[in-house]
């Protein structure tokens, strides 16, 4: 075990701050909360599958396998995919709050409850 | 190599210290451009961290991250500058 | 229309080809070293975004020549279709096929469906980022 | 110098990036940088071509690094000492340089020379506005800047 | 020997960074802070990357290190110019010790054109404007 | 290698990509919309037949042996869901030809629909938990884009809630995937199913299962995580609401079924208890929510929540009959709820409103529509011999067979309240005299011409016929669903089919 | 048989066409169908009378044990004949009564569908099949009651009927499924023939209660009786049909049908006996208070339904005979009376009995048939109603235990009231002074009189010659009782207690009739709260409460505040996680902070601080800039732990996100302080709980790895099989290319969505 417990705490902090931000009334805070949340999820995956220092999953030129043990490449691939997906979704969300602000005229989620009830 | 390892550790500490200091500037602001300046320096510090880490681990591959960082951190500054020019909220506090 | 920055514009004229080149570099070596279609695509897209910041949306569109939305679709088609040759050979979708091709300029090249796939990724990423950024910038003006 | 030279330059950059200094790598670099230039230079996008001299660029990089070191020592002193020695101010520096490239390179160089920072170029390109940290002797500063400008104009025509 | 040089360059670079950070914290206004970060930051980063190049002593690594240096040199002044211009444009106050400001009132608030001399058209750029 | 397993994913992806590549050509887009879904339907039929004949089928993507690559796998559950996806897509694509404005089409309606279908089909077919996340994101972002298409204020407001809550769900899902990989070192569902029993810390494993449950329950709009649905479903153009109602929550439910029949089965006393309580509250809260509404589509939206409760109930009861009931309920609900949304669209064309108080007289002016509505509405309410009765009977019987009395009671009470809501729409929109007066024109300005009417009524009639067919000619559906239910509980066979088959 | 029932639905579907083709004769033409069916069913009489039953079955849904199986015995045949027979007259009557009505075609569809459903119900052997038809009668009757749907009253009455009967129906479904589960068979014939009694079965109590809920609601037993009189909003032929002969008797039918299996227990006897008797008395009591002729008849129907229920509950040979007889008699006279009431309405435009009088000259035939039918209702000899009443009183007297006292008392009381009712509907309109009517009174056409004529006359014929009805009645009673009651139908039973009670009721009834107006105004209202107001108010309260509660709960849950939704979502997640740990254990955390380097601490701390700053700053742009720091910090973490690709990607994406935010934000205003300190404290606590939980879960999984990771394969095969040295990239474009493919589409979709969001409305504004 290297720094996984540290990351575990960091993940908790990110989850907490993200939650707090999403409980605000501001659209901007909402979207920032979502961004933090996605970072938290990625770090969680990173931490849970184990951390390795200084051994990226790369194979030196001319070799068939890495020289020694390397960091688990699979979570990295998953996180990469997740980062990209989150980017797409968050880009959408960012523009959405922009447009919502335009049509509603306020950066206030409490002005946006007409579609319920 | 003890000297190098010592230097690497010291470098990490110095960089960390620098990071903490510039973070204070980022929080204090007071204006957005001040924060952008801080962010720029943090990008540079990140390059420094990566370089140090590459030496510490003897893995040169990490330098690639620094290449990208050097190029793109600039973009954020351009974005902020444009934001300010277009008349966004500026005093911000 | 606001006056742009001469310094930025001139800098951008140099940075744009540099960044594009860098992005191709990242794309092609991504299979062996850090990089790949996504990273490369982001760098390329940022290059054009920088151009847009330095000049304006219309010049950025002009220099792109192809509408980023089309680029999106083409990239998607490329990535989707890259898995089809294997199907035609009776193998599973997205099974990679490799050809060693001797090209006069480049020497021995490893051509493969994963490369085609990664080029698809590259185009999609450029298309996505630019579609969003250009549209946002246009809405601003 | 023309685009072909730029093409060559970029091909070298490619080789540096790939870390492979072979003929094949050079050819590949040429092809890709050609494509990159094709994308970057487009009549519709209203470009003027610009010229560049490779050796001078290289010597300039050395000059730049030298200035950078010098600049840092001065600033370091001011940062580390409790009181500020500086007498900052913004001055308008009339330009003799007239091409985009000249002005830009000059502005950037000014930004890395000690105590000065380019803020902006007037829209008519006649004046460069500079923030200077030490305006104790403004005339000396202006002379140094003019000297720098001459070197840039000599380098880039 | 190489290790020693590497260690020296790393420490130097990081100290420059620290200097830049201190400068950014201690300097009194935006522009003076930028003097610190632009120069010390860029030089520090460059130095540390050079340290890496020295340490690995490998063509590919050196090429990459040089690429980083080149990118820093290309982008740092441009970024500084943009931030300075923007900060100036939106009226960030200068330090009270500032001697003169020849840029004042030269920006046109609507078109963002910058005049080369004082004119009647350009005024009030440093005042806050309401954009909504 | 069975190509039919992958085709339902490849086809809509290809058509969607194609349509995006030539987005300027509206004609191509329209053709893609119909041809793509028709091809998907055809491939769905092919797949279902193949699975019926040959059992669980798999395609190892990239020819990488499971569990190292991604497997697309089809059992009867998956195959049925895929076919449902195709049929619903086709129906809505046809309906859209008339109901969508050229502007919607220019801004990507057809490729968005295709890619929504692709995401849904992918989610149904994948045998890999991370890949499931990816497909869910595909369908989700497609639904985001569809939801805001048109840019009305209500759409934006609804979309913010929809996007936020679904994003939270996705991130919880992602976290759960990561934790699962951390513990088991694998992402393959069959592999997980085989390994799950060997974990010593059942509590920890179940906690991860519960995270999955929450993530999927949000997607499924189960209590108390359904908020996004009533906030948004009624805001976009009706064809979009219709396809949402048909497919979106189904993916969440499908995933719940998949995960809690195949993988997280070690602590049923926890998972099934949560599901059972959740299903009861979901049924009641949803149906009561509907009772409070006086807008055509909002009633339908709330009912979607309630109906999800029934489906989860089947999962919680966990017998072959109950699972079969869940599966048929999914089909039934897709058919009927989609149809009700489509009908609300026609009534909107006729009257220009969705508010019950402003509607009226449709029985007089649109008797055909009225009959189609009655069939769908009463089927939703569970009136025999329509599809809704069949599935209700299955669940009630399954519940009573294992003495789960109170949940059956809630299910029946919910049925009554569903009757109430459906009859409310009927009485207000159809029976009541037109509040605009006798002389008011029967149809609004947007009413399409004769040719267009076929495209509006054809799909609606087809779905109504399906609702009747499912009830009247129920035996094939029953056999299919019961076989699927038994297959779901036969974990070993599934594992064998996926891990046993060899690839590269 | 299947064909017979299906044919009705087919004809029903074609009815509008037939109606258009045959014009004003459509009633007669369509009545041919029930007539043919009547003949068809009549052909079974000899077989059934001989004590045999007929069972026919076709496969339907073997998977759920549902099949098209039909059982013809005395009970089902009796009902089938009544349904088809009365159906003939109802259809033909309707053809004239609704002549020229624009919805007559639709009416035929509904009434014929209803007829088919009702026939299916009584003939079905499979209990699920029976339930299917049961529900169909509910919905068709809903549509019939609401036939005049543009009137609010009709819609309300229809809804009331539907809610009550469907609600009961759902209970019935549960009861029937329990019956199937308990008995192991889904065929009535098998359940009835089964050796084992269900009395001792654990499910006996719930299934009886559930089934009775279904039958009581359907058959308008107290306290569910209120819907039936309201259902008189339907056109008269419907009332005549649904509420005399058929639908309301479905519940009675089912109780009768299941009596041999479920009856004979105290539960059964007491429940049916008491509820039946109370309903009987309630119906009669309410009838006497009504003034609208259809209401009077409707309440008297309630009374009859109560009577039948009571008789089934008593479960003696007498009771079975009484039930069968009363069933037949009631159908005949009540069908006739409803149609005659319709005639009066048709001929005069008057519905209120107090406003009627002296019609015997203007409407002689109507008057004649009314009197005959009313005499049967009153239970006077020599009408068939008398036969039924005698048996009924006899059976009540024979009830076991205390019921033997209570039931006769209520029966006599009801009989008294019914005599009055009979006089009110049969005499009052035709005799005495003739007031002014809305229309000039005129006799009804033949089609409207044929039905009453036949039905009333049959009541007379069966009364004089009970032997004619004997075979069918006995067969029916056999089915009800489960054994042959071995009894003869007789008009004259000799002088006995029932006769005495009959005479008493006649006399007392006539007295009440004489003082009807004051009775109505006076003591009539005394018990109204209990009988009419309370149950109906209960229904209203229930419906109002439903609407109120649903609105309330929806306001609370779906309140429109996204932050509530987020809070509920997050806390639900946490609660379920913690509950799972609490139930199963497994929260074992063993972590060590020893092997963490200084700069790792610093970076992590800075990211955390930046996050906290983001959460608390009032400057949006400062928040965005801090996001940049978080991005760089996270990227460094990836780099520190051997993920260069992630580092690069994170940097790029973070930069791009910042750029997007900056592009988008400048139009938005700065943060406002919305929430009060208390809210913030609450939110901080909630957020902490979420964060701590996630940390705990993550820490618990650290170091837990049950199996080697599959990525060992990827590491080993990346270069040899996939020809790539960057394993992460090889995973992305080869091992797991499908993920990446999906990811690409996510990106593209986001772009399309953003493009549409920005441009779509923009274009709108242009045009």
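When the chains are written out, they are named A, B, C, D, E, F and G in that same order, and each has its own residue count from 1.
Heads up, the rule we're going with is that a contact is a pair of C-beta atoms (placed from the backbone, for glycine too) under 8 Å apart; a residue touches a chain by one contact, two chains touch by 3 or more.
Composition by chain, UniProt nomenclature: A = Na+/H+ antiporter subunit C; B = pH regulation protein F; C = Na(+)/H(+) antiporter subunit B; D = Na+/H+ antiporter subunit E; E = Na+/H+ antiporter subunit G; F = Na+/H+ antiporter subunit D; G = Na(+)/H(+) antiporter subunit A.
Everything numeric here is computed off the predicted structure, so don't read it as measured data.
> Which chain lies at the heart of the structure, taking centres as C-alpha averages?
F
> Identify the chain pair with more contacting C-beta pairs: A-G or A-F.
Result: the pair with more contacts is A-G.
> Among all chains, whose Cα centre is located farthest from the one for chain C?
For chain C, the chain whose C-alpha mean is farthest off is G.
> Farthest chain from chain F, going by the mean of C-alpha atoms per chain?
Most remote chain from chain F, centroid-wise, comes out as D.
> Between chain A and chain B, what is the gap in Å from one C-alpha centre to the other?
Those two chain centres are 20 Å apart.
> Taking each chain's centre as its mean C-alpha position, how far apart are chain B and chain C in Å?
Distance between chain centres, rounded to whole Å: 27 Å.
> Measuring centre to centre with CA averages, how many angstrom lie between chain A and chain C?
From the centre of chain A to the centre of chain C is 24 Å.
> For chain D and chain E, let me know how many angstrom lie between their CA-based centres, rounded off.
14
> Could you list which residues of chain F touch at least two other chains?
13, 16-17, 20, 61-62, 130, 134, 137, 141, 144-145, 148, 151, 160-161, 164, 168, 172, 175, 179, 181-183, 187, 227, 230-231, 292, 504
> Scan chain A for residues touching two or more other chains and write them down.
Residue numbers touching two or more other chains: 22, 27, 30, 40, 42, 44, 46, 48-50, 53-56, 58, 61, 74-75, 78, 80-81, 84-85, 88-89, 91-92, 95-97, 99, 109, 112-117.
> Two-or-more-chain contact residues of chain E, please, as numbers and ranges.
22, 34, 42, 58, 60-61, 64, 67, 75-78, 81-82, 84-85, 112-114
> What part of chain E is in contact with chain B in the complex they form?
The touching residues are 3-4, 6-8, 10-11, 13-15, 17-18, 20-22, 24-25, 30, 33-34, 37, 41-42, 44-45, 48-49, 51-52, 55-56, 58, 60-61, 64-65, 67-68, 71-72, 75-76, 78-79, 82-87, 89-92, 112, 128-129, 131.
> Which bits of chain C are touching chain F when the two form their complex?
Contact set of chain C toward chain F: 69-70, 72-74, 76-77, 79-81, 83-84, 86-87, 90-96.
> Help me check something: in the complex, which residues belonging to chain B touch chain E?
Residues 1, 3-4, 6-8, 10-11, 14-15, 17-19, 21-22, 24-25, 31, 33-34, 36-38, 40-41, 44-45, 47-48, 51-52, 54-55, 60, 63-64, 66-67, 70-71, 73-74, 77-78, 80-82, 84-85, 87-88, 90-91 of chain B touch chain E in their complex.
> Please give the residue numbers of chain A that touch chain F in the complex, ascending.
Touching chain F: residues 22, 27, 30, 34, 37-38, 40-42, 44-46, 48-50, 74-75, 78, 81-82, 85, 88-89, 92-93, 96-97, 99-100, 103-104, 109, 112-117 of chain A.
> Which of the residues in chain C come into contact with chain D in the complex?
3, 5-7, 9-11, 13, 16-18, 20-22, 24-25, 29, 55, 59, 62-63, 65, 105-107
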